[in-house]
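These are the structures in question, set out in turn.
Both complexes shown next keep chain A, but they swap its partner, so chain B is in the first and chain C is in the second.
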Partner chain A sequence: MDFKSFRKKSPWILHYNTGSCNGCDIEILACLSPKYDVERFGILNRGNPKQSDILLVTGPVTKRAKERLLRLYFEMPEPKVVVAVGACACSGGVFRHMYNVENGVDKVIPVDVYVPGCAARPEAIIDGLIKALEILKSKGKDLELPSWCKADVKPPVNRAKLLNSCLEEFHGCRRD
Partner chain B sequence: MGKRITVPFGSQHVALPEPVRFVFQTENEKIVDVEVDVGYVHRGIEKACATKFKYMQVGYVVARVCGLCSISHTLGYVTAVERLMGVEVPKRALYLRLLVSELDRIHSHLLAMGHTAEVAGYENLFMQTFRHRELVMEMLELLTGNRVQFDYACIGGVNRDLTSDVEKVLRGKLKVLEEKAQWLKDVYENDFSLNLRWKGIGAVTEEMAKEMNVVGPPARAVGLKTDVRAEFDYLPFKEVGYRMVVLKGGSIYERNLVRALEILNSIEMCWNILDGLPEGDIKVPVKGLPEGEMFVRIEAPRGELFYYIRGSKKLILDRVRIRVPTFANIPVMKELFIGMDYADVPATVISFDPCLSCTAR
Partner chain C sequence: MSYWTAFILTLFSPVIGGFIYGLERIVRARMQGRVGPPLLQPFYDFFKLMDKRSIIIHSFHAFMGVMYLIGTWFALFVLLSGGDLLIAIFFHVLSLAFLVVGGFSVRSPYSVIGAMRELLHMVAYEPLYVLSATALYLVTGTFQVSGILHSEHVPLIYLPLLFIAVLFSLPAILKKSPFDTAEAHQEIIGGPEIEYSGKFYEAVYTAKWIEYVYAFFFIFLFAGGNHILGALLIIFAFFFFNLLDNVTARVNFRQMVAFHWYILIPLAVTNLMLIALWRS
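Take a look at the complex of A and B:
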């Protein structure tokens, strides 16, 4: 059976804070509340990566959060979309080049949609989510790897092994 | 007794919006040991404030320590610099700062209350609380130009004046908000199922609170008379009708009730500010470089916020030290968990309203 056409109807989001100031996080919460109400697009906030389709990341990715972010990314099933919410998730923002941050989500995992703003307005977040839905529709079951990851993947993929090799590579080339 | 089971809670969890990690050791349902890890969102702001940014820029950087109480952080820093350099801030600017800081307190308290209702399984009340919270967000946007990161206070005054058109709209919205806040207070006080779920759960005793140095609404819910607004003179709180809210009990129920009552008090203060807003400048020019050291205490929505700065006649400060309220509240949380049922943990954590981006910076 082809599930592709149903996928867009009820995307679940996973939200992870990788060091943001909570400003974007409360705006995401405001999106879920009655005034902005993203539930009309079928979007629900569930904290479980294994059931989620859209990963909302806020914050400039601190050095301790990046491994968790990578884990969450690999635990999500394909197809998945990553939305970077806020100026610091897009580029590092005001925290750019501070000693403990990675200057943006796209340094760690591939990002599909960038939502600007400090803090990102709920309208902008909804706009980004709608763009993410379009991308989700067009994506297939292929595994997307971070650009720095050199592992060659042949189906069927063993995710635990892949994650381990990715983490090794991550720590191998950049000692913390 | 059963075997010990390790239950990790965080850093990413369904019931937890913040990246904090608790590792619980449980025996059956009872918690026997707990470890806390708060360092997931450390960014190095204090270091950057003392190396990268000039002293007039730091106010906008420390606002990004926390989005929920951004005005408190700016206010703390700005007040410290003003006292260090001997700047006389215009009265109108002080009142406008007070207005924004009280509106910020209202929206932060409503967020905390809504969250506690959500983790208690009362999603309907969460939605209602957030609906009424949007009124405050609209007011803040009208007043400052942004919903979350206001960047309102600056060294020597405020960045934006209150026009008469905006004041008219603010009065209308404040009236609606007052009704809604009264209704919310009634619900949080009298709802039958919330009473069953919250009364006596996660109760802090007075000795414990004194010993562990609890601050903010959790301390006032125990009966400790501690509020920086009354103790440290940084804004004219006494002139606008500030009252300290103190309750006895110290459980989740009282913590939320303290917040609800403080919201009503803050609304009253907002009315008084709008009625008696003095005329005059909103900003004075500031010249010179900071020299010497200064500390300032501010009442953020979560409790006492402490700022220490040191400068030596250079554009870049030598040291900026921030001590945040959540950091003071974590030891008592840890003490509280031992002997508690695991099912009560999410509501207890959220009722302290932890702000981890403040704590780790």
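Take a look at the complex of A and C:
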């Protein structure tokens, strides 16, 4: 039986703030409120990476948040999509080229949908989510690594070890 | 009810529970002025989780998730096949114990806190269910569910205080606000179920639907042989606990246990004593 069509009908989201000003986060929460009500599409804000399908990231990814973002990304089971919400998450926004940020989510993890705006409007976020659902439907269940991570992936994957080898590459040394 | 009817009904109880859960999500949304998901939403979730990759912490943890499903299912089968009420209650406790052991077996702090709170849940409401089994025995003269369902008495008339107590502990057994400390989605992100994913989370998710059927069947027993009254009681209980879920905030675990032990259990015991006095 093909279950792919059900992916579109019940996407659960995980929302992570990587040092955003909270503007986009408030707009994401507004999507869940009675006025926009994304639960119409079966979308629930689970807050749990192990049970989520869509990772909503806001903020320009500060150096501290990078490791946590990577950790959350690896904890989510496939198939999954990543949506970058807001100007900061897309490109770094007003924080671009500052000493403490990574200039956008796509420098750390693969991003599928970019939602522009400062702050992104709820309508734009819902549009982005619907676009993400189409991508989610066509996605396979292979592990997607960030482009900078050169670890070799052979199933069965031990995610803890994979994360550690990726972090090692990121820090340039082991950091236990 | 014959053995085979009970077996088939038990087999399809996740479908019934799924519909109850879907209806609950709609009712909750409407109470908040939203449109809410479609009625079949829980089944969409079910089939989606079937397709997700499962990440296992260790095999024992995943096994405990599946055992939670099987334990709850078996407790419901004992109820539906007209078996002993006490055995059904003890099987339900056992199934929750599987969930608690699974919660304690991983290192995630949220999971461990959730498992501890789950134990407090059991401390809070299980005495009430044993007391109500005793009270049903006093009224109908049997612990057998089939006997209670065919008795000419209506236990609700004799046990109004106990029924109120069970009604107020319904949020505790179904883990809804104000007694959702074990699950607490905004606080400990699901408690003991946090580390399950994919097919194993599906088992836990389905077990929760079965618990709906289990809890509402318990309400049904309070109508005795009068099955129409039983159906009305279930509908009333459904809307009552949804209303309670929407209008109350989460209490902490001390308040939850204190509410059960200082208010609901004395209420139930008073009812039992009055019946005993009236009979003598």
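Everything below uses one rule, namely that the second predicted complex is superposed on the first by the 170 of 176 C-alpha atoms of A that agree within 3 Å, B and C clash if a C-alpha of one lies under 4 Å from a C-alpha of the other, contacts with A are read in each partner's own complex, and residues count from 1 in each chain.
As a convention for this text, a contact is a pair of C-beta atoms (placed from the backbone, for glycine too) under 8 Å apart; a residue touches a chain by one contact, two chains touch by 3 or more.
What you are looking at is a predicted structure, and each value in this text was computed from that prediction instead of being measured.
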Which of chain B and chain C A:M98 touches, first, second, both or neither: first
First (chain B), second (chain C), both or neither touched by A:K141: second
Touching partner for A:R7 - first (chain B), second (chain C), both, neither: second
Chain B versus chain C, judged by how many residues of chain A each one touches: B
Chain B versus chain C as contact partner of A:T62, first or second or both or neither: first
Contacts of A:E27 with chain B and chain C, given as first, second, both or neither: first
First (chain B), second (chain C), both or neither touched by A:K131: neither
Contacts of A:K107 with chain B and chain C, given as first, second, both or neither: neither
Contacts of A:Y16 with chain B and chain C, given as first, second, both or neither: first
Overlapping contact positions on chain A, where the chain C interface meets the chain B interface: 34, 46-48
Complex interface listing, chain A residues touching chain B: 15-27, 29-30, 33-35, 46-49, 59-60, 62, 64-65, 68, 72, 88, 93-95, 97-101, 118-119, 121-122
Residues of chain B defined as touching chain A within the complex: 11-19, 39-45, 47-48, 52, 60-61, 64-68, 70, 111, 127, 130-131, 133-134, 137, 146-149, 355, 357
Residues of chain A defined as touching chain C within the complex: 3-4, 6-7, 9-12, 34, 37, 39-42, 46-48, 50-51, 53, 75, 77-79, 141, 159
Chain C - residues contacting chain A, complex: 25, 29, 32-38, 41, 44-45, 47-48, 50-55, 185-186, 189-190, 194-198, 201
